[in-house]
Every structure is written in C-alpha cells, then in structure tokens.
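Labels run A, B and C following the written order; every chain starts at residue 1.
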Amino acid sequence: MERKTRRLTCSERYPALSWLDWMLRGCSQVMFQNNPLTGLFFFAAVFVSAWQANALQVAWGCVLATLVTTLTAHLVAEDKTTLTSGMLGYNGCLVGAALPGFLAPSAWLWLCIIFSALMSVIVTVGVNRLLKTWHIAALTAPFVFTSWTVLLASHAFLRLEPLPQPLLASLPPSGTTLPLWQITLATLDGISQVFLCNSPAGGILLLLGLAVCSRWAMTLALAGSLVAVLIAMLAGAGRQPIVSGMYAFSPVLTAIALGSVFNRPGVKTLCYTLTGVVFTVLMQGAFNTLLKPLGIPTLTMPFVIVSWLFLLANQGEHTPLPPPPKGT
Amino acid sequence: MERKTRRLTCSERYPALSWLDWMLRGCSQVMFQNNPLTGLFFFAAVFVSAWQANALQVAWGCVLATLVTTLTAHLVAEDKTTLTSGMLGYNGCLVGAALPGFLAPSAWLWLCIIFSALMSVIVTVGVNRLLKTWHIAALTAPFVFTSWTVLLASHAFLRLEPLPQPLLASLPPSGTTLPLWQITLATLDGISQVFLCNSPAGGILLLLGLAVCSRWAMTLALAGSLVAVLIAMLAGAGRQPIVSGMYAFSPVLTAIALGSVFNRPGVKTLCYTLTGVVFTVLMQGAFNTLLKPLGIPTLTMPFVIVSWLFLLANQGEHTPLPPPPKGT
Amino acid sequence: MERKTRRLTCSERYPALSWLDWMLRGCSQVMFQNNPLTGLFFFAAVFVSAWQANALQVAWGCVLATLVTTLTAHLVAEDKTTLTSGMLGYNGCLVGAALPGFLAPSAWLWLCIIFSALMSVIVTVGVNRLLKTWHIAALTAPFVFTSWTVLLASHAFLRLEPLPQPLLASLPPSGTTLPLWQITLATLDGISQVFLCNSPAGGILLLLGLAVCSRWAMTLALAGSLVAVLIAMLAGAGRQPIVSGMYAFSPVLTAIALGSVFNRPGVKTLCYTLTGVVFTVLMQGAFNTLLKPLGIPTLTMPFVIVSWLFLLANQGEHTPLPPPPKGT
C-alpha cells in the first residue's frame, strides 16, 4: 500500500511515469483490475508467451496498441477517472495482441494496429454510452467488435493477409479423457488465452499479477478455467481445443466478472458464477459452430454475451421486475 | 368463473396444487394466456402430437422443463405476480419441447434440458430488463436464444448429438397449389407447430385450450394460420414446409400478440395485425435462407422480430415521434 | 428563399402539390436534405442512371415506393413535421430503388415493392422509437432491414426471383493502381451508388442537388467518395468493386452525416469525420466478407453501423461518461 502511494507521487514528479502508469493500468483492466503492478505482470506474461511461441510481434502489438489507446484516450476523455483507471485502454491492449495473431506481419499490419487501437477507444466510448441505459459495462465487446471488423475486412483487402493457420485453430470434436497433468496445463493455458497466448508460464504470470491485486480474483480465474476444462472434457469437446485452453479463456473472465467485480461475494454469488461459467462453456461451443463458416475466431464474445445476460438478470432482482404485458 | 375461484382455494389448501397451477399457467403463456385449464389443453396437445409421431420424449421434455423453470422461478423471482402468472415459465416449456426434437435421446440430453430450462429463466429475466426500456415484452426470444445456443453447441460437443433429420425439415421451394383439405390440415399443423409438433389433432386441442380462455384469441390463431398458409402458397413456397405448418406457426403467435394481447381490438388493430401476419410470412422465408448454412431451425424468431417492430411502432403512435435530427 | 415561400403557398392552394412536395422531400432525405428541388435533382439522377443502364424499373420502383410511403406516412404519422420533412419517406425511396436492382421484373416484384414501402414506414417508426433512448437517428437502417428481409425471402419463394447477376457484383480483391480519370469516375460512381446506381452523370446530378441545399454537404460527399476510393485502392481492394463505386457509397453518407448533419462544422469535426470515413471503408470490406455466403448485398449497413457508433461516442463527450464498474 505504501509502495503504491510512492509510485503515484513519482508519477506526479515525472509526467512520463503517469503515461506508463496509465498504460499498465489499461493492461490490468483486461482482467478487471486497476493496478500498475498487475499490468506489469500481465505484460510480462504476454512477452514470455510470445517469446516461447516465436511470435514476439504479438507482444509488441500489445504494447503499441496500449500506447495508442492511452494517447487517444488522453485526447478524447473528458473524465479524468476513466483515463487514469485504464477503462479506455484494455480493449486496445487486446486488439494489439489479437491482430498479429491472425494476420501476416507487414507495414500495413502495424498501420492497422494503430488505427484499430484508435478506433477501439471510440467504440468503447460508444458502447459504454449504449449500455449506460442498463448500467452494465462494455466488458471486452469493443475489442471483439473492432477485431472482427479488421479480420473480416482482411479477406477483402490484399494488404491485410490472414495467416494460413491462426493461433487458435478449431478442430472437430474428438472426445477424450485427459490425464491430470494435461488438465493442469490446459487450465493454465486457458488463463493465458485471455491474452490470446498459449503458454502455462504465461498463465502463472497472469495469476501472480491477479494475486497482487486480489487473491479472490486469482482464485476465481483458476477455478473458472479448471471447471471449464473439466466440463468441456466431460461434454466431449475436441482434445486439441481443450488442451490449448480454447474452452477456458471466456469462462475465466466470466468467473472474475460475476464472482468478484460486479457482485458482492457470498454463497449465492458463487452459485450464480458457477452457472455462468457452465453457460459460457456451452456458449463457446455455440460460437465455434456459428463462426466456422466465416473463418473468424470467437475471441471473448461468449464471455461478453453470458456476462451481459447475467448482469442484466441480477440487476432485475434488486429492482422490481417488469409488469406482465397487458391482457395476460 | 366460479370454477376458477374454487381451484385457487384448493391450491391454497394443498401447496402441491399451487405448483401444478403455476406449471399449467406457464404452459398456457406460450400463447399469451394465463389460465391453468388452457395449460392443461396445451399439454394434452403436446402429448397427443408426440404420441402420434412416436416421439414421447418431446412431451416429457416439455413437462420436465416446465417443472424446472417453475422451481427456478420460485428461487429467483422476487415478484410473486411474475411467478404465479407463468411469465417465467413459457420459455422453458418451449425449450423442453424443442431440444428433444433436434437432439438424439441420451442422459446428456436430459441433463441439458434441465440446465437449459434453468438458464431460460435467467435469460428471460435479463431480456425483460433489457426491453423494459421500451415497455415491450420478451415474447419467446429467451426460448429462441437458449435453444439456438444449445443446438449450435451440439456440433462442438460429442455428448450432444444432432438428429440426422430434424422435426422441421426445410426443403427448397417447389411452388404448388394445395387442395382445400390440405390447406385445412396445414392450418391446423401450423398451430401445433407453435409447440414444435406436426399434428392436426394437436392443433385442434390447442384451439380448444385457447377457446377456454378467449374465443377472440382462438379466432385470431386460426385466421393467422390460414392467412399464412394461403400467402405462402401464393408466393410459391415449398409444398413440404407449407403442409407441415412451417410457414404458419410464427404468424399464429403474431396474430394473437398483435390482435388481442397488446392492442385494443378494432378495425385498425385488425388491419395492423393482418399486415404483421403477412410480414411474418416474409420474415419466415428470410430466416429460412439466413439459417440454412448454420443448420439450425428458425424457431419463433420471425414472430419475435416482427412483433417487436410492430409493438415499438405502435407505441410511437401514442407518444410523440422523435424530433427530426439536427440540421435537416 | 423567396422561391421556396412561393412554392409552399402553391401547395397550399393545390393539395396535389403538397403530395409532390412531400415525395420530393422524402427523396432528398436520402442524403439528409429537406428540400423539394434537391429531391427533384435526385430523382433526375436516378432516371438518368437507370436509363443509361437500360433498367428504368429501378427509377419507377423508386417513384412508386416514395409515393406509397408518403401515403402510408399520411395515414400513420400523428406528427405533421415528420410527414412534411420527408423523414418517413427516404427509406421507402431506397427500398424502391433496391428491389428492382436485385429481383427479376414481374407483377409480384411490383406488389412486393408496394408492401415493402408500406413496411418501411412501420420499421422506420419502430427503429426511431428504439433509438430515441440514445437520441440517435434511424439513418438508413430501416431500408437495409426491409430490403435484406425481402432479398433473403426471395430464395424461399418462387414468385420472387433473384437476378443471376446483381447490379452490385462483388469480386475477389485484385489490387491495382487506377489512373486519375478512373479515380474521378469511381468517385462519381460512388456517389450515384447511394441510390444503387452506377453512373458518373447520376453522381454529378446528385452533387448538384446537394449544392442547391448545402454546398458544404456537397463538398463532404465529394471528398468522402474520393477518400474512400483512394483508401480502397491503397489497401488493395478489387479493381471492379472500386471502379463501380462499391467502396464509396457508404463513406459518402458517413461524411455528410458526421461532417454536417449531426455535428457543428470545425476542425475537430473534420478529423472525426475523416476517421469515420476510413473506418467505413474497413467496415465495407468486413461486410463484403460477412454477407458473401448469404448472397445479399451490404447496402448501406457499413455507414449505419459506423455512424451510430460515432454519434454515440460523440454524445458521450458532451455528457459525463459512465462511472467505472464497481470494484475496479
């Protein structure tokens, strides 16, 4: 706590440090945290995973996009809190990690990352205003919307070339029982897939980053990923997607969002979160089928849809339900 | 009327009867009614149709899901009226009829029906809260959303196996003129298709159930189905889908919703309802094309979309229209 | 100004002239103007383009649909301003131009145009009411929604026959540099594509029509089309779609909407509009990929999506941003 205060004072003395602080907080908001140290761990996770996969452009794209969104947010945001809490930065951070994972490296890719990061801020502000009506957050919907647009457009423009084999390859189901060590690896992979990576080491670094900020969030992330892997395994999803964490990254975010960010902890919240995690696994399967003909990845859309529904339904409990329609 | 009062007193004396009452009302809300006797007729229609088609799992799924939604609604609902009027139950009732119609029977199917019925309550509460902004009802959107999710997911999970030939097979158009007796059968089939069945006897039982509650609703259901069959025939839709009631089940619901539930009866409402019915037939054709590549059925989505639009546009008449945008 | 006053007096003396006035204003609203003379130029553009393409049914469809929507609006609208400003007519006007461009001529086509024009009024009122919550306009969404429904349905009904080769054929990308005269033609084609035409003469007439009402709108339309053509060329879109104005018609509308209709002119608005135009080109590429498997055209959906987002995000600047979600 003392350390944090010192850091803030530093950034007041040296303005460049404020920028670094905002970028790190933007990165930490990917998992709903607001802490520069957590952001540092998250960036480290991305660099380690990208280095292992021989695809450092993913990590640099992530850094570049976070920088561009922070700059854009600085120009656009009238509300200082939104800027300094990283609430306008996490979508850009994810866009920057996603695009190099699906498009061939080129000067146009980097131009596209810069423009998409800029767009992600406008989309975030727009979606937030849309959802303000129901007092629910944009979550990662702006990231998914911006990335889908670019990935779909890449088929229409020669300068943006889709990679022959995307990072997140989806295979037909081939039900199987995994040994314990593979379940453990799949659980950690699932956590690292939140940043579109596929590395147990990255997963551990992300968990450490979460633990800095909230041990409860870390526990939920780990449990969410494990439950998702087990359910996908029991329901007979494909071996390859399970092992690479494909069924777990959306449930991880659902678990943190429903279990710690938007609801007060308790037994009821825990049951609600578990239901949400199971529904997210089902939704992941549905989106896999839905998007296969289009050749684009699901990204975190299953998490967004399920969490929006569960947040809407939960608010309904605290406010009176709508009256039944006339005449019934 | 006297009978209804006696029934209510009974259920106060014997709590188990309350549960039965809520389940029956949930079933009757599928066609916008709030009456246990209507619900009884509707369940009878489903059992007769399922027995004729040698697919009793459809009827048992329907009962099981209605039970689960009633239990879940009891846990979730803070508003007693929403529970007792069956407003949280009709979507689950439909999910329970839909899933066994498209997925192979297995223990996983029944587990899936239970979970989906539970989900349908959360989705209903969420969608209701979303639509509260415009004072329009969720209609059967939660049923469609939940069923589409499970049916799409069934392609990703080995444990959920899609049936090779779904109940509602869609064929390419092969325009033809039907004789009067086939038009009659198609009209009755169309009504029974509201519960995903394909049986004239079921259609007659559903009409009787409606008549118990509202003769006007029964007339609208019959007329809506007939008009839809005639228009589909004239416009040259395929023989097989027309005869099996594929073009009529959404218009049936549109006719009841626009003609009796949400608007005061009258000549203007009748014209409006007729326009809505015709548009629903067109929308059914559009959704047939839209969903063919995904291999999932349209369910009642054409009804939902058209009715939402017509309910929105109608409210606009009673409240001042939005001002023209700035500068024009 | 004097002339306009005289015209209004005329139409008061001769009621038939009011109807003509409303129809012309409906047509002029396609490009956000409210001026009968502009509407006259726009209709002239459609007739010249249709005559050049040997497809006069497009122009007659446009006139018929505008007449039907004006009649329907007269019956439906309670607000006199909405009727007289043409705000309920422009979507029908576009539907009437679109359907004959994609469906084979027949008696059923004309029946379908009349019904779709009527529907477009109900859809416009409904969508306006939906969007009133955020104080944003329906733009051309009702036109796109109605036309997509009919075009999708045409595959299910024998009486509505899709043309083997639509007016707006989409080809795979084949990157190329265009000479200056082709860029000029593509820019004018792009403007005429707003009315689903493909004619430089039509584009010039549309620009003249805009100039009658607002020279700034004309400049934005021209610049928007030029920027879109250049970006599509640099990004390596296909030669054929660029030359026929496929990448420019949505950006033309984005430029007028963001640059003159909904924002106060200025340097900041100009930058914002330019960003919007670039994003619309990207969105056009995305929608080309998205809709290819369905065989329906994108129409002006890329414009609608981008403009909604930019209008939402812009309002956010003038009102306080939403508070960050609980716990972050």
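Keep in mind that, in the parts below, a residue touches a chain if its C-beta (ideal position, glycine included) is under 8 Å from a C-beta of that chain, and two chains touch if they have at least 3 such contacts.
From a predicted model like this one, the values you see are computed outputs, not experimental measurements.
Annotation, chain A versus chain B: rotation angle of 120 degrees from the Cα superposition, expressed as a multiple of 5. Although chain B and chain C share one sequence, what matters here is the overlap of their interface residues, and that overlap falls short of half of the numbers used.
Centre-to-centre, using mean CA coordinates, chain B is 36 Å away from chain C.
The residues of chain C that reach two or more other chains are 133, 293, listed in rising order. Against chain C, in their complex, chain B makes its touches with residues 133-134, 173-175, 232, 234-238, 275, 278-279, 282-290, 293, 308-310, 312-313, 315-317, 319-328. Partner chain C is touched in their complex by these residues of chain A: 29, 32-34, 76-79, 81-82, 85, 87, 108, 115, 118-119, 122-123, 125-133, 135, 137, 148-150, 152-160, 260-262, 293-294.
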